[in-house]
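Two complexes are shown next, each including subunit A; its partner changes from subunit B in the first to subunit C in the second.
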Partner chain A sequence: MDLTLFVWKQSGPEAPGRLEEYRAKDITQDMSFLEMLDMVNEGLIREGRDPIAFDHDCREGICGMCSQVVNGVPHGPLEKTTICQLHMRHFRDGDTLYIEPFRARAFPVIRDLIVDRSGLERIIRSGGYISVHTGGVPDANVILIPKADADIAMDAAECIGCGACVAACPNGSAMLFTAAKVAHLALLPQGRAEGARRVCLMTEEMMKEGFGSCGNHYECQSVCPKGIKVKFIAKLNREFIKAKVKGG
Partner chain B sequence: MNTAVGRKIVMSVTGVSMIAFVTVHLLGNSTLYAGPEGINAYAAALHRFGVVIWAFRLTLFAMFSLHVIYGVQLYLDNRVAKPNGYAVAKNIASTFAGRNMIWTGLLIAGFVFYHLLQFTFQTVGPGPAAAAHPDSAGRPDVFTMVVQGLGSYAVSGLYCIGLAAVGLHLGHSIQSAVQTLGLNSERSLPLVIRGGTLAALLIFLGFISIPLAILAGVVK
Partner chain C sequence: MTLDGKCPSGPLPGKWEKHCHDLKLVSPANKRKYRIIVVGTGLAGASAAATLGELGYNVESFCYQDSPRRAHSIAAQGGINAAKNYPNDGDSTYRLFHDTIKGGDFRAREANVYRLASISSRIIDQCVAQGVPFARDYAGYLDTRSFGGAQVSRTFYARGQTGQQLLLGAYAALSRQVRAGTVRIHPRTEMLDLVVVNGEAKGITVRDMVTGRISGHAADAVCLCTGGYTNVFYLSTNAMGSNVTATFRAYRKGAFFANPCYTQIHPTCIPVTGDHQAKLTLMSESLRNDGRVWVPKVRADRRPPHEIPEEERDYYLERKYPAFGNLAPRDISSRAAKEVCDGGHGVGPGGRGVYLDFSDAISRVGEGKIRERYGNLFEMYEKITGEDAYKRPMRIYPAPHYAMGGLWVDYNLESSLPGLFVLGEANFSDHGANRLGASALMQGLADGYFIIPHTISHYLAQTRPGAANQGDPAFIQSVEACEALIKKLLSIKGKKTVNEFHRELGRIMWEDAGMARSRESLERALRRIPELRAEFWENVIIPGGEAELNQELEKAGRVADFLEFGELLARDALHRNESCGGHFRTEYQTPDGEAKRDDENYCYAAAWEYKGDGREPELHKEPLVFEDVHLAVRSYK
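== the complex of A and B ==
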């Protein structure tokens, strides 16, 4: 099949960007979206033109590196699917696709579709860890964790930190990301100890990084490739209120 | 309180207090349907609280001011945090009401200002100021002031716009407050969203019934 692409081209962080038109020819259904872009890029390189720069790494939906907005939706039209795992069979011959980078002030464009998402890493660095001394490798099941709690913590831990929530949020907020990390650690006994300090530090860092505030629009939940739920944002809010009431 | 989550909590707490007030206000308004006997007696009874009423008004004013200050600040900061939209805009979960909170909010602020001048300070007409025109029992004639005040199409039109803004604002804010105060679970969220929208609709219909009833001549 043949597609028309309008792709965001921007040569550097300070340069002005614009949408440029490309043709994607002879695309087969079983190509992934990124393979389709690879094809386009090979053609561009053959013609001596500048290829489209985009982020990717594992291409199996686990690293969180790929980051594109297709027709206004981060990671494209398929629910709970990263753009690297999206296949061309979900598109039709003759489709026109607008491909843009994740947009937020906290995600400055580096080049074309590549944005700098290190703000998310700095949120993790501010408190998304456990610093209590844990000693040697413990025996299994020394710390008993109810199955239900472990399951919810694992749901939160599914977050791959891709930043689609920020890209979808009308306020450029990183609440879903931060909430997933806060909830994941707060639900487990090892992380519980530093829960209050963590939620304050991480939300503070979130604001410092220039992410917006959550407006409870829930766009984030509908684009999250890992299906992280906004119930974790409610959990973060609870943790925050508890921390402040106890005097954090 | 000026943290990412703290500001939202201020918005929720002040917002919830105002929703509580609006609900009581609506119940009070319904005494209009009982004619002059109803609302004039209700108003006179309220005024017997004297200084308590003023303490209440000042608290409400403080809530209102905090809500406006933090709301405008959040709007401005959020706009900076998301400077550019997408060439193809797509909203999946957000609503018209949710995305326009700042505008419905500002409309409400303007509407409340006018509403207070008209019925609390009674400095703008139409309709005779109740304080200066007692009814036959010697109470301020709130009934005549309201019925004549809202009897004009222009004034009622303004009320329709103001109340539509209130309805839209509440349509997003009730569920938003529940979420910000951390009271949601995965199961409660869709119920809270639907319940909040329904409550907003009921409040809107309750308020708007008054100018409509007056224009239709049901209350006179």
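== the complex of A and C ==
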């Protein structure tokens, strides 16, 4: 099949950007979306033109490096699927695709489809951990965690930190990301000791980084490639209120 | 030269503890005076950087991704081994040690493997304390599953995302140290060279992948934790950016490269669909707990799988290896798949595939249970192939997956260059000629959390802090050399893309140095690789400039190194006139097609020393001495 692409091109953070038109020819169904872009890029390189820069690494939907908006939707049209796991069988011959970077105030463009998501790292750094030293910990089975709790903690921990939630949010909020991290640890007995401090620090950092606040639009949940639920935002809010009541 | 692994003497149990006692320490007040560079932020690098930072050293941590937590360890699916013996099924440190030595076809160092097995339990404790949400049973205790090459259930897991959860745990520990001010992170930064001052590793040269700036970083010691090199095959299960550059350039600076020919071809990957393919996807080996592998007995049988009656199916692993069945080790399962496909029994496009069938398991435990165990893997399979594996068997085929070979290190994880330590998949130390499933994560974390903190202090205690700095001639020369290399690459302006060269190299490596190798095929590879390399340096086209984000330039540097390294791999494979583990030479096999080792002549680790461009590398041997285990023919029947 043949497709028409309009791709965001921007040579650097300060440079102006624009949508540029490309043709993707002889695309087969079993190609992945990124393999389609690889092919377009190889063609461009042979013609001596500038290829499209985009982030990617594992191409298995787990590292969270890939970050593209296709026709207005972060990670494209398929539910619970990162752009690297999207395959061309979901498109038709003659389709026109608009491909843009994850956009948010806190995600400046570095080049083309590559953005700077380091704000997310600083949220984790502010307190997204359990302060345990290496060594000197009890046997793993000393801490019993009922299966149901472990399962919900894992549901939250599955977040790949790609930032699609931020890109989808009209306010550019990182609430779903932060909530997933807070909830994962707050749901486990090991994480409770520092729970109050953690939720305050992470929420504060999120605001400082220029992420917007949550307006309960829930666009984040619908684009999350890992199906992280907004119920974790409610959990974060509860944890936050509890912490504030305690004077944390 | 005969190499010495510097293993301490004495009985295996207790060796490590005694050794730790003999190692020199750096006093708490002096630790912050030492700067340590850790390249790589996978399980090995993140755990090392976090732990060294926690101890009070000054740590500089580098990775090429935009965040340390995206390192390729994140993609590990199946699980991590530990000799906890929670299920009371007969596991012990000794059994894990023995399984690993045997799994590696008796080509690993006893002392290292025993240490790994004895540390394994503490890793699970550590990770649970960090909040890693391992699978639990209803009573709240940790759950385990079985993996290939073992008859006990010792693999701990977090759904199908064990690597992700372990890495997020290590990253959390790392982040805590960043906040504490002991670790500085350098993301989107690629190591291009190792800097050696007076024969010791004292820093690295890196390229800022956003601005293109090349700069030197000095330190008192360097740890390479840069992962494996299987992308030399072009198509592999590794991440797109996985490379040999860091370790290969250290090799060019004097660190020995050991056993490059030991590469693991994983039996359960999604088959190749066409030339456009950029990578291959692993379906975790844990699937073999419940899936049965088979092919049609009739050649070129094109009937859909459900139309092939039971008696016309060949469950070849169960037939050939009744004791282990579908859980036979990876090298053996991969070769068995190749053999049935070569024999014309393969299924799917090009007959390069075998079935992995869950229908028995689904009727035994129900679809819900299977969904709970492997849901995300089935989803991934459907995304890629468009097929529903609950309804029809998966199609799988072997693919390059893991590098047992790597930079040579002694018992202290120190390479042949003093001050250069190598951890995780990047070293060669623990898996011999074949790695058992769920053992890489264990090794990475053992190296990073529990071994390097002890051994690096021994080196540092004997060096003066801050002895080298970026202004030294060695750093200036290294930066200039890297800049010159980049200029040269950009000036070629040929006709073929970097990917085209990489694909061609992959084809040579896969055909001539892949799952089965022979003298003839390896000699052919040794002719073809230099030809391709020469063409690369004349005809590659790289768009853009040096002082900008330039992904083609990054790839070109990596492929240039693979084009050299592929030759070293083939040379090593050619010199090893035996079959062992993942290294299968067709000339050396038993009458029933199993690998035939030659313990008399090849019971050693082969460590190669770089001798200059265009010159043959020199082989050094480290004899493997087995004091505890009995060298035996590896049988899984």
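The rule is short, and it goes like this: the second predicted complex is superposed on the first by the 240 of 248 C-alpha atoms of A that agree within 3 Å, B and C clash if a C-alpha of one lies under 4 Å from a C-alpha of the other, contacts with A are read in each partner's own complex, and residues count from 1 in each chain.
Basically, a residue touches a chain if its C-beta (ideal position, glycine included) is under 8 Å from a C-beta of that chain, and two chains touch if they have at least 3 such contacts.
These figures come from a predicted structure and were not determined experimentally.
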Subunit B versus subunit C as contact partner of A:10, first or second or both or neither: neither
Which superposed partner A:158 touches (first subunit B, second subunit C, both, neither): second
Which superposed partner A:223 touches (first subunit B, second subunit C, both, neither): first
First (subunit B), second (subunit C), both or neither touched by A:143: second
Which superposed partner A:184 touches (first subunit B, second subunit C, both, neither): second
Touched partner set for A:244, first subunit B, second subunit C, both or neither: first
Subunit A to subunit B touching residues, read off their complex: 6, 19, 69, 71-73, 98, 100, 103-106, 168-173, 175, 200, 203-204, 206-207, 210-219, 221-223, 229-231, 233-241, 244
Touching residues (chain side subunit C, partner subunit A) in the complex: 47, 50-51, 54, 65-67, 69-72, 74-75, 84, 86, 122, 124-131, 133-142, 158-159, 161, 164-165, 168, 171-173, 175-176, 178-179, 185, 187, 210, 239-241, 273-274, 276-279, 281-282, 379-380, 383-386, 449-450, 453, 495, 497, 499-500, 541-544, 548-549, 551-552
In the complex, subunit B residues that touch subunit A: 3-9, 74, 77-78, 80-95, 98-99, 101, 172, 175-176, 179-186, 189
Touching residues (chain side subunit A, partner subunit C) in the complex: 11-12, 28-32, 34-35, 38-39, 42, 44-46, 48-51, 53, 55-65, 78, 80-81, 85-87, 89, 110-111, 114, 116-118, 120-121, 124-135, 137-141, 143-147, 150, 153-154, 157-158, 160-161, 184-185, 188, 190-191
